[in-house]
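Each of the next two complexes has subunit A plus one other chain: subunit B in the first, subunit C in the second.
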Partner chain A sequence: MSKMEVVDLNAWFGTNQVLHGINVTAEQGSVTAIIGPSGCGKSTLIRCFNRMHEEIRGARVDGKVLFDGVDIYGDDIDPAAVRRRIGMVFQRANPFPTMSILNNAVAGLRLSDEKVSKSELHERGEAALRAAGLWDEVKDRLDQPGARLSGGQQQRLCIARALAVEPEVLLLDEPASALDPVSTLRIEELVGELKDRYTIVIVTHNMQQAARVSDWTLFMLFGEVVEFGPTTKIFTSPDDQRTDDYVTGRFG
Partner chain B sequence: MTESRQRFHDELSSLEHEVLEMGELAANAVARSVHALVAHDSAEAEAVVRDDDAVDGRYLDIEQRTFQTLALQTPVAADLRLVSAIIHSSLHLERIGDQAVNVAKLHLLSKDLPGSDTLRRQLGEMGDLVVSMVRTAMEAFATRNLQLCQTLPVMDDPVDRLNRATHLEALKLADDPSALDWGMHMNLAARALERVGDNAVDIAEQVSFLVTGEFREFTDASHVVQT
Partner chain C sequence: MTMASTLEPVRGARRAKDIAYRVSLWLCVAIAMATLGVIALYVLARGINALSVNFFTKEPASQLHPEQGGIVQSFIGTGMIVGIAALIAIPLGLLTAVYLAEYGKGRTASAIRLVSQVLLSTPSIVAGAFIWTVVVVAFGNFSAFAGGLALVVLMWPIVARATEEVLRLVPQELREGSLALGLPRWKTILRVVVPAAGAGILTAVMLAVARALGETAPILLTALGNDYINTDPLKPTDAVPLRIYADARTPIEALHTIAWGGALVLLLAVLLLSIGARVLSVRQQKRLA
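Up next, the complex of A and B:
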């Protein structure tokens, strides 16, 4: 069974339908990249993976998103519980600017209902910062505000914050688009390190990034899936001419 | 499409054009070398050896430009397959040019020895066949014609048969050491032409990959042939 499976998903903003009959799966221990030109619906799709889409006024969804076989849009499902198990990191690093580095890492834990002791908070903060590849760079200044970190470090801090609540799936919405090449590479390496333990879905504008980090690639156009397949196939011999035209830069 | 992407695709077209021109240069060199050998034209044979620099120059230019394209444009999908086909095909064509030089040199080395008209005729026939194979492979490249690609292994069969026949024909010269010496040179020339045919089949395989995205060998040489 796939870790996540999207079945006949449609999504709207008001009366404007932005996703049309999407079907896609994300396998445990793999990275799935979503690519496509601006406005094709890739960010909307990834936001449907953890019920973030419906947070926008007038936005709605129909179809199923199965997580371990259970529809996260089921009647008795709590969206907050979904988001704890399916974490998300956004395009712009958004640490709490005045909160310390350590407190940023464990912010999700503190806000949850879970009762966690101070020593356990520190432990889980350290584990998350280590997993995000940031520990060695910040261990001597955990009390400093998160905003003091560089852009790349701030983004890894946000990844640590997402990891601290111990999710099973990590959604990354253009996590490196605002970063310099070295920080970008660091995030890409991190994705490679994390994929054994998490199921990762990444939206990216950078096709070479999709080629480098992902095992599966989904190409979208006008809110529809054009092609979904192994990344090597998408970037060497895709089935659909539109995929070929897009990845070779003939449009988009 | 952005301007830089347009330039990239123009460069790919230009590279492909150069490979096609190189194909004609190489095919022509083979045709001239075989003609020199069959018609006893030493001046022509010397010209073939000299003119190989043009084929090698094309090869180096194509290699350098594709290398730059890979580094700067990171081609993918159909573009990547085209770059791959260009690199492989230009190398095969460079080898074909070298085989033409081999045939020409073998003629120059043996031109004063007594020979056999039958063997010369067989080599002439082989030359016509393999030149036609190279041109067919290049036409398949230019037109992305999969069916044409698949005719290459079929065209290669009579070349292989002739190659074996030249061997038997050379053995008939065993009584006269000078004629046998010539025959052994011609055996090597036949082998060179047989390799040209194989290189043409290899180019067709590259074209087939370019068109379909699936690589497969048309012929399997990794088994023992019963003769």
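Up next, the complex of A and C:
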């Protein structure tokens, strides 16, 4: 069974339908990339994976998203519980401006359970910062504001923050699109390190990035799936002419 | 037309117009600032002589030697009335703001916004008359509590609307970052959005307090005034603006001086609050940028 499975998913903003009958899976221990030109619905789709889509006023979803076989859009499912199991990192790094580096890393823990001891927070904060490859750079200044880090460090802090909640799936919505090449490389290496322990879904409009980091690739156009398959196949011998045109840079 | 001609320096009529506009803008600023300066200096000149230890520590003396007395009962009363008002209006205003900025949509929110907008522009004497009718008349006496309630009517919409604006300035990304950690909405608001807006909210509160400090009409009809120290919130109570009003209406020169002294202290308090609010809001903008 796939870790996550999207079945016949449609999504709207108000009356404007932006996703049409999406079907895709994400396998345990692998990286699935979602690619396509701007406005094709990549971000909307990944936001449907942990019910963040519905946080936008007027947004609506129809269809199923199965997590270990359970529909996260089912009745009586708490979106907050979904998001604790399926973490997310956004395009623009968004550390909490009033919190220190350490408190940013453990924000999910600290705020969901106010009784967690300081030593445990420190321990789990360190583990998360190590997993996000940030520990060595910040271990001497954990009390400083998280917003004082560089852009790339802030983004890894956000990854640490997502990891600290110990999710099973990690959603990355263009995590490196606002970063310089060195920071981007760092994030890509991180994705490689994390994929053994997590199921990762990454949105990118950088095709080379998708080719470098992912095992599976979904190519979208105008809110529809054009092709979904192993990354090597999508980039070397796709079935659909439009996929070939896109990955070879003829449009988009 | 060649390229060179478009790059010629600005001259003639266009330059004259530019200068004229600049000068008139500066003039407008200068007139506004000068007015403010004149008022402040005049109050300072007239009121500075009233300030003495007695002024801050004694109740009014006999009208034969008013300069030996003070208006300590007014300071205590103002503290009590504004304190009562703040205690009620600030939580109420903050809750309203959170509702409007984070939850409110549709008719209920529009209705609340309309009501607070109307209250914002209501003459303050109306607030006083309203509380006079429903509290003073009903309970049979003037009191600090009634005065506080009248000020709540003025403070609540200021706190609510200003805080709503500040909450809206908090980037949506912060809310999403928190929600994506599996934190419920109420916790996201309480622990992420409100702290991020912290200094801005404090600014809104300080401005509301500054406004309440100087209000006269609403407490005139509700707190009434008192020549003696009163610490019972259910009894008639003095306040600085009331004392200014009462003293200014007498024909006694020395009492006029005391009134100017009260005005000076109020002016300074409001100035300090406004400067504090300004400093905090500049800091806030830097932090969210």
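Miscellaneous remarks
Criterion: the second predicted complex is superposed on the first by the 248 of 252 C-alpha atoms of A that agree within 3 Å, B and C clash if a C-alpha of one lies under 4 Å from a C-alpha of the other, contacts with A are read in each partner's own complex, and residues count from 1 in each chain.
Here is the rule we go by: a residue touches a chain if its C-beta (ideal position, glycine included) is under 8 Å from a C-beta of that chain, and two chains touch if they have at least 3 such contacts.
Bear in mind the structure is a predicted one, so any value in this text is a computation, not a measurement.
For the composite obtained by superposing both complexes on subunit A, the positions of subunit B and subunit C are free of clash and fit together.
Of the two partner chains placed by the overlay, neither subunit B nor subunit C lies in contact with A:K115. After the superposition on chain A, the angle subunit B-subunit A-subunit C between C-alpha centres rounds to 140°, nearest 10. Judged by the touch definition given at the top, the superposed model places A:D244 against subunit B, while subunit C stays out of reach. One of subunit B and subunit C touches more residues of subunit A, and that partner is C.
After superposing both complexes on chain A, the closest C-alpha pair between subunit B and subunit C lies 29 Å apart. Partner subunit C is touched in their complex by these residues of subunit A: 50, 52, 55, 57, 80-85, 87-88, 90, 92, 94-98, 107-108, 111-112, 147, 158, 161-162, 165. Subunit B meets subunit A in the complex at residues 1-2, 5, 8-9, 74-81, 212-214.
Contact residues on subunit C toward subunit A in their complex (touch as defined above): 105, 171, 173-184, 187, 191-192, 195-196, 198, 287-288.
Touching subunit B in their complex are the following residues of subunit A: 207-208, 211, 234-238, 243-244, 247-251.
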